[in-house]
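Going by the order they are written in, the chains are A, B, C, D and E; count residues from 1 in each one.
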């Protein structure tokens, strides 16, 4: 069952990756004439025609497409126009830097966000909750590149506490990671707050209380684990948003990652490099999603068996499949407002900043 | 407020013989439209080994009462006293409360699916009360399996490793009962434990609850909206309406010689599966009030066919006729008692 | 796969080679860090001419000739002397006792092999832009090199100044040629961490250590090049002592730096007008544009300093004519526009003042200012725009014949005149077939065809005549020669060169 | 026993009460009113012509008086234009771009999501694949790629922003519709013989409109930040038009020499997006649909 | 008797496929005569609601035949189906979810009229709606309110008025009182009885609850696992149930009568003990 589930997720991942490549191929080839871009502006018309010929740009589009596809299958994304070396290794060379930045950023942001979210959720609507919610909102409201520039100016140039830019030891990662961490921090803090608030209102929490379990054990061992499901779902989405920020932040801080390389590639219209960058970035996201699938499996045993959880791939076919069967099993339950607790109010699951 | 003054004198049962004694319990929730009184001056006792039924419609405050009994309602919104074996649960320290919960007093919930942690095995959850009391893991698990067998789950050793969603509704409710009884409590509070179940399963769960509590000598507070269920199960019944006790008496008294217009109306409006089929059912007009919009005076007065002018202004206290056990919060209780014969 | 292994073997080799040199560092000598705006696209020697390549490669590889940093005259480097034998043959006497970093001795044979490789039309290295007719090098004797051009090329030495000579061993090693430059220069390549840095270390066996002709010393033991596209970051690194030298920063940033060196350049900022367009075809309108622009303001307030000029080459170039910059005279300009309008020219037609992004610092501001100035004098259709590099470049170089009539670009661009010869600029900007030309006049074609075959004084005269001709015609409005700004730390001693090359051997470090 | 709430108070006092109880929300609303108001009225209330250059007056610090009268409250920019007037003009475009892209992506995404969610047929599958695909590539990458194809312009920026965010609405509206179509009133409408179109427009749309509007508010903040990023990278709004992101991009070379060029638009973005987010979060917390807050917390921002 | 208003023959509905295939309705056949009230009783998952929805073609049946008023429901499509829909209407279990919270009562009730008679003048529609409101015992001043302003019982009345707006011959009621408070249930049951009489309605009344069905229906079908186990008159089913399942259901239904309940409990307990005593 579990293997079958994992197999399905893996197949799905491969399919998505393939579609990303195909989509990018068509977008990229619509940009312009690859031969023009490789040659210097002063190249003769003859040289241009020769280059077209040698690049196979005169072949039918399907032949060209097939050549690219067979290249992808062997990991060949072509030669970078800009740096004149195979594109994929060039990108892979940059991957560790991006992974390091990702790890440092999320390694700080995620635990901190969880902590903030839980603290907020313990006393929803309290003064501490409101303060933290406002802070996390500020985190998602700030333009990361602006923050990056400010950090360089203040911390790097004026205070000279940390290197302004570049790549090296951990101290180099602090400023870009700070600039990048704020948004996921804010997002995840909000999500974990609302997930915790919601989880703490579930009846099974009452059951645990009724069994005499101390409140901190309930939070730690039960509510937290179960509220992780929405949190990591959003966390998965957040990876894509995070890489959005990384593209800009890596450029500003001259961090030798894939995001900065993508900007350079697109500025130089280096089509093979652009494709390879998108491939690597999409792969990162897809791998993260596979890990999230594994996490679901670990957290929620129902995942593999029913696949009815709301998944990050929001459109998974199974999502509403059991509707038709559950229809007939509608039991005569009491109506929504009959629960006195709900009627008595205070059942607020959303974030609030009154 | 007038009930507060009288509550002590009007207590229907002597304190001495009760294991649980609730006095003037009031639970208030804040809301955007001002505070809402979900429970309003409830007083009742539960005697050892007794099966007490609490019946009420939606919004009558019965579930809040159940939660208050375990100290699960916010303390700053709960007043009165709940004395369990000499200890007031509303003032006892939280640690003491936790020690009592799941061990001396336990709880069976209405919806067994949402009341179970979806991500833990059933065995683990049933063993939880033992684990919390530092019973060794192995021993706790053994007893959990034993308990699951006792509540009628086939192949309990294997099923203990399953998750709640792998059980049917009835089986889940059995798990909840196993969880409630594993600590050998002296009082079980069952809040609509069969509402979501089909009649045949419902009957089985009731039989099980009856048998286990009977065998173990456990007192049960059984909360439901269904008068039919209590008829066979309960020894004594409390009828709640709008957060108040309307009538309290032995089961037979209630069903055959009720002296409260609300109970009478309920019983008359029930269609039955035996006896003559009436052309029209007798009905209570209107509907139960929302807790946020309670009428003044007797909360039932807008629907009452025997309404008196004073009903509209003062809520009648819960009173027993002299020498009797049958309490009713109705000005016309005595008049109703005069009416000859049984209801059926 | 095989190539990959070979490449990594080379990198390993380079690293292990570097270790011995690092021990040499301990004996003294400073380390400097240079923050460049962009990473070299390749370390192949041909890239030693370009903005991204020269800061690194010109220190590793050397050319036959150099320019004197003060006088800007051509001076010996790997060649000790040279002479023109006939119209198409030049002979270079090569320096003796020079070895490449890989130990290969430098002689005429090696120089010929490498030059032929670098200049081979088949290889089509972009550096060929700087070359005229095809060139073949051959060894006459051990230290005499003959260079033959297909047709006469009076300025061949000027061109060869751009062509550095890699080790002949690299000819057969394409991967190594791209990533591991081997030359004769004062600094040897140590490592390249793509995306991060390039490290050069002093070459112990450099010939210049014993020769004054090298015009430099190896005061710096190791140079690290890092790449920071943000000017603010580059400038900030000076304040935080993370870098010793930051080229291409704004004048404000330069002023804020510990030491600021601002130097005139061989570049000219020009506004090229699309003469096929009906509005810009009118000479009065073009002249009006030339008069409308406050060139001094643009050079000194916006672009951060520089001389205004009246032609697109500087005083050092052959063919430089004594022409004043167009005056700033908006009133006269408005009159000219009014005249044109009276003659039925639609002066309200759109004109786009356009620039390539990121090439000229603050180009975006400059085009906005110019557009406003054009509106002032009655060219009310003027708007401004910046385009990203590649899109701009494609449109910029379509050639006179292909410029659509409805396009009315007033293109702000920077023209490099590294060759120090006006002929190349005319060929590019004024001639009918010029790659970057938006102008075509038969008179000029004739003058140009004659001028290119001449040399020396005759050439100077012929070219200057053309300069005067286009000064009247105004197909291109020369604006000025911007300064290059170099921010430096206190400890670095260096005077920038006019050609923009950043040569480590000219730097000294005080501790 | 019941607490009566007088609703007949004077509106002024009710507003005062609201402000007192929701200080942060009120403050945010005020910021937004100022931002939107100055964006709408920039032509009339800007202290200087935002396009008028005066290079002689370039990069003057805040509170510099203008020789021809008036004071540059927030200083001047590198072309000597009044920074306050520029920031008002920039706000006009930033807010317009954000609002327009929110409208385009919202209309498109919601329509697609509702149709997919209601019919649950092949269309649902196709849209689902597309969303999966788009979720696997960071939106900024898509935006940059597409803008390189189309070239930057106001319309293209709006379209690209819409393209990168439509699926948020599609996901939320589909999720809400999936839940709503289980509601019996939808089945009731079908049993009355209502065609799908009528059910979507008359029954589903009014019920998801509230949540979608809150989501759109959240998206407004996202769009403003994305537009700023695009303009910062040079692919968004082009000069001499102005947007806050573009102002930041242009000002960053003067970070050390003219701090206000970066601080002013940066703070404008921060304050506006923060206000939008605070108000959206407050609206969401008021929404009774728990399903919705679950869906939108996962999206947006 | 006349010809049946509703004829159901061999109705089958399957869900899922492969090993997960479920037959929710399994070869169900029954007739409903004009003016009759048929009760359809079963536990959850017995297929009673699915049967009702198949009959109204809110769910497409997998196989079988449904004839309404002599016309083949399953052969129709498009406008003809829509027209036929007005002859059979559904009343839902949950009065909370069955009314669109964003519409006024007037719009909810008028919707059917607007769909089927789009050119009707608004005054006519309003008059009809007012009549319907009175018919189900609500006041005309309720028209402009939204469902949230009403209690469960009132909402159910609105739902009934909506179903009656199209003047259907057949009313299918899917557990219409199951979500209501006990004291309200009787009011709605009485309303159904009244309406049947006044409008000559034919009812198919679905319930899990044997007692309400007994009160309202002359004929009763007992369903289990998608099949009809037993069908007969009220007397036959309640006095003399034939099928074991019917008897089990009857034995399990709690009655508000302590004596008989205690007797039943004791009987079940002794049955259990003997069962447990067996090897």
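As a convention for this text, contacts are C-beta pairs under 8 Å (C-beta built on N, C-alpha and C of every residue); 3 or more make two chains touch, one makes a residue touch a chain.
From a predicted model like this one, the values you see are computed outputs, not experimental measurements.
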Shared interface partners, meaning chains that touch chain A and chain E: B, D
Smallest count of steps, each to a touching chain, taking chain B to chain C: 2
Pair joined by more contacting C-beta pairs (C-D or A-C): A-C
Geometric centre: closest chain by C-alpha means: A
Separation of mean Cα positions, chain C and chain A [Å, integer]: 43
Centroid distance [mean C-alpha coordinates] between chain B and chain A, Å: 49
Chain centre separation (chain A, chain D; CA means) in Å: 22
Residues of chain B engaged with two or more neighbouring chains: 58, 198, 225, 292
Touching two or more other chains - residue numbers and ranges from chain A: 149, 153, 157, 251, 269, 331-335, 337
Touching two or more other chains - residues of chain E: 44, 93-94, 152, 208-209
Contact set on chain D toward chain E in their complex: 183-185, 187-195, 198, 202-203, 206-207
Sites on chain E touched by chain B in the complex: 43-44, 151-154, 181-187, 189-190, 193, 208-212, 214-215, 234, 238, 248-262, 264-265, 268-269, 272
Chain C to chain D touching residues, read off their complex: 230-232, 235-236, 250, 252-253, 255-256, 294, 297, 301-302, 357-358, 361-362, 364-365, 367-369, 371-372, 383-386, 388, 391
Chain A contact footprint on chain C (complex, rising order): 4, 39, 41-42, 44, 124, 126, 129, 178-179, 193-196, 226-230, 232-233, 236-237, 239-242, 388-390, 393-394, 396-397, 435
Complex contacts: residues of chain A adjacent to chain C: 32, 36-37, 39-43, 47, 82-85, 89-90, 93-94, 97, 149, 152-153, 156-157, 160, 163-167, 251-254, 256-257, 260-261, 264, 267-269
